[in-house]
Amino acid sequence: MLNEAAILAARRNLTEISMDEINDAIDRVLAGPEKKDRVMSEKRKELVAYHEAGHALVGALMPDYDPVQKISIIPRGRAGGLTWFTPSEDRMDSGLYSRAYLENQMAVALGGRIAEELIYGEEEVTTGASNDLQQVANVARQMVTRFGMSDNLGPVALGRQQGNMFLGRDIMSERDFSEETASTIDSEVRDLVDVAYNRAKTVLQENRHILDKLADMLVDKETVDAEELQSLLASNDVKTAAFA
Amino acid sequence: MLNEAAILAARRNLTEISMDEINDAIDRVLAGPEKKDRVMSEKRKELVAYHEAGHALVGALMPDYDPVQKISIIPRGRAGGLTWFTPSEDRMDSGLYSRAYLENQMAVALGGRIAEELIYGEEEVTTGASNDLQQVANVARQMVTRFGMSDNLGPVALGRQQGNMFLGRDIMSERDFSEETASTIDSEVRDLVDVAYNRAKTVLQENRHILDKLADMLVDKETVDAEELQSLLASNDVKTAAFA
Amino acid sequence: MLNEAAILAARRNLTEISMDEINDAIDRVLAGPEKKDRVMSEKRKELVAYHEAGHALVGALMPDYDPVQKISIIPRGRAGGLTWFTPSEDRMDSGLYSRAYLENQMAVALGGRIAEELIYGEEEVTTGASNDLQQVANVARQMVTRFGMSDNLGPVALGRQQGNMFLGRDIMSERDFSEETASTIDSEVRDLVDVAYNRAKTVLQENRHILDKLADMLVDKETVDAEELQSLLASNDVKTAAFA
Amino acid sequence: MLNEAAILAARRNLTEISMDEINDAIDRVLAGPEKKDRVMSEKRKELVAYHEAGHALVGALMPDYDPVQKISIIPRGRAGGLTWFTPSEDRMDSGLYSRAYLENQMAVALGGRIAEELIYGEEEVTTGASNDLQQVANVARQMVTRFGMSDNLGPVALGRQQGNMFLGRDIMSERDFSEETASTIDSEVRDLVDVAYNRAKTVLQENRHILDKLADMLVDKETVDAEELQSLLASNDVKTAAFA
Amino acid sequence: MLNEAAILAARRNLTEISMDEINDAIDRVLAGPEKKDRVMSEKRKELVAYHEAGHALVGALMPDYDPVQKISIIPRGRAGGLTWFTPSEDRMDSGLYSRAYLENQMAVALGGRIAEELIYGEEEVTTGASNDLQQVANVARQMVTRFGMSDNLGPVALGRQQGNMFLGRDIMSERDFSEETASTIDSEVRDLVDVAYNRAKTVLQENRHILDKLADMLVDKETVDAEELQSLLASNDVKTAAFA
Amino acid sequence: MLNEAAILAARRNLTEISMDEINDAIDRVLAGPEKKDRVMSEKRKELVAYHEAGHALVGALMPDYDPVQKISIIPRGRAGGLTWFTPSEDRMDSGLYSRAYLENQMAVALGGRIAEELIYGEEEVTTGASNDLQQVANVARQMVTRFGMSDNLGPVALGRQQGNMFLGRDIMSERDFSEETASTIDSEVRDLVDVAYNRAKTVLQENRHILDKLADMLVDKETVDAEELQSLLASNDVKTAAFA
């Protein structure tokens, strides 16, 4: 099961196995793997396709982000679909992630929700982004509290790391700072999220034509691989003003 | 028992089994099922009928909400009555709920209390809405903290999800944000609830004539099924200005 | 013992068995029942008589409240005396309590302390009201946080219900709201209590002549039953301006 | 051991056995009883004598307080001396304590520290009052939070009573109120303590001549009984302006 | 081990055995006693000598403080050196400590750090004062919260004492007061510490000539006993303006 | 395993073994030692080389800091590289660390992150500094709360030390101070970190030429020992204006 968790962690580009991965591994062992025969309406299929296409397209167009490996709208576990990225061996091996990479990671995670918003409008966005938003929160909060990537809070860890996964407790941080600092952390986290959101939204708005095509392909074929995505991008006019 | 819980969760249109469902399943196993022979006064029967009619009518008139399956005023467990909705296979299978759906869900949950208010006045509303109000709180709070459906707090999860149901702990969130954020969450939750309340109230006020008839039917027959409800709605002038 | 607890809960017009009832049942099993031979001074006997008469008279005169069943100043457990009400079958069976009923319940609970105040003055009020004040707090807080009976906080539960009595934990609520909301809850609770206090006080002041006679009867006979109370009320001029 | 605890509770005029009593009973069983052969310097003996005389004299002169039974400066456990009061059977049996009684109880508890202050000055007061100050805190806090004896906070319990002594947990209250209320509680507690302090100080200042004589008697005889105290008071001019 | 703890408590002039003493006793049993053969550089030896001389000199010159028994710069456990005081039998037996004594105790505890400051400057003060500063905090906080020795907070305990050492829990206090009170406690603690700091600093500045000589003696002989200290003081001009 | 932890603690110049060391020792036992055959891209290798060179150079140039023993960019455990310092026997044996030393220690810990910043720019700094930033937080917080090295908070410990490592609990401090004090602690911690950051940055900026050469050497040879570092420094123009 710890094995499962490690695999999940790798898939999610995480630098360490947290209880989330362990829990998911448990879910998986207990709940079984993919549900290929789960029938989805065309409407839901399209929504999931746009959601995954949103992740994939932002990921593919962010400079220096991990390449997309596969996009699928076959439901598995609680997820309606899934997009795999190939973590660069470099990052995997070194365990080092740059600030720019983490900012990209947040933008990629937000890509799914933003795609829903663009296509269906605010009222029709779904609960399907829940895990993405949790990941965004984790990354942003760690940038601020563990990686010293907030100018307002400076190069110092906030909250003391506690526990050891192998002892059965989650690696969680004890809050040893004041309310005032907690409030600054929240506002720094929000700033990081807003920047990532706006970057991802611009990418998807500017490349709406590709988003539509990719979603179409997913509805058609259920799975799109790296090569197929590359040829789609190659045969279309990609806008990258967002990172100019 | 986990089975019971899963059934209850499905009935309540929940996306996951929480401790509430497990607890209720326990209650049920320990406390036995419905209490058909529990004698209620005509006055209480009427109140329960209006309460359930409130849920059902709001549900039936909300655009794109799950269709009503059955309405009953036969007491079961602690509940005086119960209204069943048929979750669309689409939602069940995809596990995806839109913002609009969740807003409707809150309106439906509030329909019972609002019916009591309209018919009997504020002083006579009862404790019978307690579970409904808890559900409203859960939905609204999750919209804000897990589903990124609050403009003021943005597309980011608040509070870290912890625990794993299968390990015997509830899926609860650790509060890792500041008092200031907690206060904004409360105010966003309140706004969502107020909007849902006003929508449901308008529906019931505008369709008071149908509410009265449906409550009458329930007092008479104790149970009203989907077909009977449909023919009631078909033979009456339904106002839907509330969602214009 | 759970049985004992259920009986106690019924006697107290509670909608569910809480740890209080379980604890009391434990107390009872461990501490034995009434203490008929406990000798009280005339002074204490009179005070207890006024205290119970206060509960009973407010209860008897509140519109639509449960009828008084028996009043006793024979000590039992830690209580100096006890007043029993007959919960209407309607309420018992439906488990539904109206806002007006809960407001009356608080007034009745406060009747004991207020009678002490009126007769002996503020300096001589006793610790005997301790359970009453806890009950007032429980009712008022639940009205605000679970039953949506506060205009300022709206139709939404506050704090997440947790635990399951059968699993050995009390049904307690996890505080998931902000300090600001906590402060509003306190002020709403206080308002509900103040209104109930003033209503009960007016009833007892206006019917002081009956309060005195009922206390006298209790000192004389130790126990007054429903019939005796009814004939006392019938033969005296009852003022009910308080609820006009 | 629970027996020991009950005895200790009775001796301290407490209305219920708390963990303090249980702990002390444990201490006693483990640490043995009085230490008659513990040698104290004359200076310490005098200080203890004044401390106990302070308790006893305030107790004897407070209107309607429990009569002094015995005063001793023989050390026992951690206490340098001890003053016993005879709880009136009335209070013991009824379990009812008036507001005036509790105010007196605080004044009596403070009498020891105040006597030290009057005789030796502020710099020489000792740690010996530690238990007294804890008792003062307990009484004042319960008056405010459990007995509704604070005008600013009204007739309502604050904090939910939890736990059951027989289940091994202390009867402690869960804080379910806001910071604002916590702050008001603190200020009400402080007011009650200040009033009690001033009353006790006035009594001891006005009757300093008796305080000196009683302390002398204690240094001489180590133990003074009720009769001896009565004859001391009878043969001296007692000032009672403090309660006029 | 409890025995060890009791001995440690006695050595530290503590009124009760806390978990600190128990922990240290554990350390000692597990980590072995003194480390006579630990080699220290001359520079460190001198620093430790000044640190201990600081404790000893403040202790010796504070009016009515426990006499110095021995001063040593032989490392033991984590401590670089140690100064023993002979608690007066009077205090030991009575368990009573005056406010003045506790103020002196804080000054003595601060003497080590202040000596480092005076000789080496602020940048060179060391972590060696860590235990002293913890003791200062404990004494000051207890003066304010348990012994009623703060004018601003009055004669009342703050925080409820909980737990019983023999049951395996530390004697710790549950915080039952408001943030506002917590803030006042902090400021009272700080005031007590500042006064003690200034008194100790004045003593050491005025008697710098003796401090130097005592430190010299310690570097030379590693251990200085009561008699040697007395003759040093007798043959030098002692300034005591600090307590005038 | 405790042995491993002790070794780790010694390597990190810590004064006591904390749970961090124990956890790391567990990691090591479970995760195996260095990973010599882990292949890193040239880009990552260079980044790690600059990071370690940053630590080493700041350490080598800080006055009176422990001499560098070895610098390595061979990954081990989660770390991409490691710089060893030889703690002076004096400090090891005495267990005494001066304020200046702790300030240097923070500067050294920050050297890695600052080197990344100088070379690659803010967007390219990595998560690799995470442990360094935790160490900086620990040192700064302990300076303020345990070692009395903050002028604004004075010579007093803040938070009560609790637990005993050998009993399986981390040595953590219970927060017994107010929000206001917590806020002052945060601001003092931030000030200490900012000073250390600026000192380390100045050192690296002024000696950028040496930083580049040292990083080159590391990329070439993977390991640089004390002698090699010394000859590098000897043959280059070292600027030390930062500590003038």
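Going in written order, the chains are labelled A, B, C, D, E and F, and every chain counts its residues from 1.
The working rule: a contact is a pair of C-beta atoms (placed from the backbone, for glycine too) under 8 Å apart; a residue touches a chain by one contact, two chains touch by 3 or more.
Predicted model only: the values in this text are computed from it and were never measured.
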Intersection of contact partners for chain A and chain E: F
Co-neighbours of chain F and chain E - touch as defined: none
Chain whose mean Cα position lies farthest from chain B: E
Interface numbering overlap (same over half, different under half) for chain A and chain F: different
Interchain centroid distance [CA atoms averaged], chain D/chain F, Å: 55
Rounded Å distance between chain C and chain F, as computed from the means of their C-alpha atoms: 64
Computed distance of Cα centres, chain E from chain D, in Å: 32
Multi-partner residues of chain E (at least 2 other chains): 179
Touch-based graph of the chains, sorted into line, ring, star, complete or other: ring
Chain A residues touching chain F - in the complex, by the definition given at the top: 15-16, 89-90, 93-100, 102-103, 146-149, 153-158, 160-164, 166-167, 174, 176-181
Chain D residues touching chain E - in the complex, by the definition given at the top: 19-20, 22-23, 26-27, 30, 38-41, 43-44, 47-48, 75, 78, 80, 110, 113, 120, 122-130, 133-134, 136-138, 140-141, 170, 172, 175, 179, 182-183, 185-186, 189-190, 193-194, 197
